[in-house]
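Every chain is named by a letter (A, B and C) in the order it is written, and numbering of its residues begins at 1.
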Amino acid sequence: MMDKMIFGRFIPGDSFVHRLDPRSKLIFVFAFIIVVFLANNTPTYIVLLAFTLLVILMSRIKLYFLINGLKPIIILMVFTFLLHIFFTKEGPLIFEWKFIHIYEQGLRQGIYISIRFLVLVFVTSILTLTTSPISITDGMEVLLGPLKKFKLPVHELALMMSISLRFIPTLMDETDKIMKAQMARGSDITTGPIKDRIKAVVPLLVPLFVSAFKRAEDLATAMEVRGYRGGEGRTRYRQLKWSIEDTVALLSIVVITAILVYLRS
Amino acid sequence: MDIELQKVSFAYAPGTPFEKRALFDVDLAIPSDSYQAIIGHTGSGKSTILQHLNALLKPTEGSVRIGDRTIHAGKKENDLRPVRQKVGIVFQFPEHQLFEETVLKDIIFGPMNFGVSEEEAINRAHTLIKLVGLPESVLEKSPFDLSGGQMRRVAIAGVLAMEPEVIVLDEPTAGLDPRGRTEIMELFYRLHRERHLTTILVTHSMEDAARYADRIAIMHEGHCVLTGTPEEIFSNAEELVNYRLELPHVVRFQHQLEQKMGRKLPKLCLTEEELAKTIAQLLREERDGQ
Amino acid sequence: MHEILSLNHVTFTYAPEEPTVKKAVEDVSFHVEEGEWIAIVGHNGSGKSTIARLISGLLFPQSGTVNVLGQTLSEENLWESRSQIGMVFQNPDNQFVGATVQDDVAFALENNGVPYEDMVERVHEALKQVKMDDFLNHEPQHLSGGQKQRVAIAGALALRPRLLILDEATSMLDPQGRQEVLSVVRDLREKTGLTVLSITHDLEEAVMADRLLFMNGGKKYAEGTPSEIFALGDQLIELGLDLPFAMKLTKLLQAESVQLQGENMTEEQLVNDLWTSNFKK
């Protein structure tokens, strides 16, 4: 079951990008998402593409995983591309067939928007592919730390997040097991008419909920016995270390911003 | 009904960077009316084999013949229900599959999926609940109000209610206390003898395999490495060590005793009862001989 | 000898409003001395797991007292007492909190505010004790049941507890996993003399203990050394337990009127008994 989920999966490695602190990576991605919107002409989009390519190379992630990451949004990309092509009626007409009229600006905008999608998906995928979910959680907890002053339960949220991450594979296995057990009893959710498939959901969901609650109860007991009573007075075993590379990564964003501001029309 | 695996290989997530092969060229023939044990450590591939026995998984290579239906690698199969009706599987911790409001509804769920009339299914439930050692009054209760051991019996009744010709048991006694363990194993053994139910026991218990099975297959790292009768398998101690498996307690004891006596007992005993009888017999013969 | 734990006339019911409902634990008393290994045995539903919950303060008795390290357990000293007791539960998956092995071992240390440098040292030390120090960064889904339970033991050891409770910690494991866990516990006892309380229906585990407490229907049915308890013979079987292999075979041989000296606890004893009583002429 897990094998189908390549998008959002962590691929362990030891590249420059892998070694960065999750905080710098999170800030980087967040800043990048904003910076992307600075691009508005051909040179700026070329710079964006080149920069993204550089990040990909430095992460040493195989293109296979990135292409797979594109799959879920490919339809959205094609749709917006077509939308721009058909509905932007500026610039000279470059193609005409029956009721289809394509203008130069339409084509240009369509390509721009596709590049924008592409670099955003690639860079966020690089974040999740090179950072373990638990490191992302750690980074978020620290970055959101100041919000504790506004009564946001940052520690609790981070703990919830990390426990959910920890239990995803367990629950996936469990789903697979219960599905197989019910299939063996003649109730198949994977084949047959839609009506039967809907009926097969209950025998799958009920046991899954029962077991999830049982696990939650067990886990709560185990945590209590091991002395857990909220974030107060806890120390942290997972330490984050900011290094010179992290500063360099953030500086690169500043440089890119400057270039884009200079080149944009 | 018999089942035959021919050159079965299986890989999870084939064709991706995460491909993981679980079975290699497995040949295994399980004749009708037999009690076949499949033994191996966790990760030896025995659970993967189990799922091939009623087409929950299809082989990546090779073929699986289940009665008169053959599942070939790479071929699209439609409607596997007839196969699944004939081969019932009691999964490990089967109580996790219960979901209905009442025990009765849960037991009739399987048979009704296979087209049995409600009336007939209810009849079966009434007979089976007694067979698995629970009072009929349990039928109206919620399965979630029962103890773990009772829930397991209900789940077993739910599989038996499909009236399969082959029953596959995956560690059916895991987590039970000694009494529960014996009761469940004896129940299946009785069904095997009285109703000629072909039984396949997937286990890591050498004791259970020695006591109940008439054929044993040993799995190791995705290969089926040894097959034979319990006598054949357990007289091959050196080979078992290679697969990090131990002899059953009785056999180990017999070896200890033989070493002390400096000679062999007339046969290899597979249960404590048999060993006690053999020793007593030997002593009687010696007394009479003197 | 120093007393680690004692229960005095402890009674507990899950339904205090309904006096007709059978009590989960009824008038149970026993004590554990420092360095002992005591096992609580009994069939499923005999009240043995309720005792574990009473000791760890997850439940409080309706009458009687639970004393941990000389103090009567109460809401006030609950957390202090928990920092002295390590506990391992039945289901290996449902007690693994951390994302990786080392995170999980550190969990109780974090909760108790142990400083970072100290934590690193203790995590490594604890993992070495259970022979899992090669698995620091492994995620739970890539570990076997036995390995997960060893990590759980390390998580308990990291706190340097005075008492380790194993609440059916081996009952969901395969034979290999069970062996791993038991041999780790045995090693620990040899090296550190840790006090262990194990709750089990596994005979092999029970025989390893110094003293057994046999529970039936919420009451203490018998208490004694393993040989004293197993001498109860058929009574044990009636109450849903089993006998060690050698004792079972001894009974079967005697039923076949083979002459034997007496109760044989181990296979070696039985072989020798058979030899001297029958074959050696």
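The working rule: a residue touches a chain if its C-beta (ideal position, glycine included) is under 8 Å from a C-beta of that chain, and two chains touch if they have at least 3 such contacts.
What you are looking at is a predicted structure, and each value in this text was computed from that prediction instead of being measured.
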* Maximum centroid distance from chain B, chain identifier (CA atoms) -> A
* Asked: Which pair wins on C-beta contacts, A-B or B-C?
  -> B-C
* How far is the middle of chain A from the middle of chain B, if each middle is the mean of its Cα atoms, in Å? -> 44
* Could you give the separation in Å between the centres of chain B and chain C, each centre being the mean of its C-alpha atoms? => 30
* For the complex, which residues does chain A have touching chain C? -> 132-134, 162-163, 165-166, 169-170, 173, 214-215, 218-219, 221-229, 233-239
* Within their complex, state which residues of chain B touch chain C. => 41-43, 147-149, 174-180, 204-205, 244, 246, 249-250, 252-253, 256-257, 260-261, 272-273, 275-277, 279-280, 283
* Asked: Which residues, counting only chain B, touch chain A once they are in their complex?
  -> 12-13, 16-18, 51, 54, 56, 78, 80-81, 84-85, 87-89, 91, 94, 96-99, 109-110, 113-114, 144, 158-159, 162
* **Complex contacts: residues of chain A adjacent to chain B** => 3-4, 6, 62, 64, 174, 177-178, 180-188, 191, 202-203, 206-207, 210-211
* Spell out the part of chain C that touches chain B in their complex, as residue ranges. => 43-45, 144-145, 171-172, 174-177, 201, 203, 237, 240-242, 245-246, 248-249, 252-253, 255-258, 267-268, 270-272, 274-275, 278-279
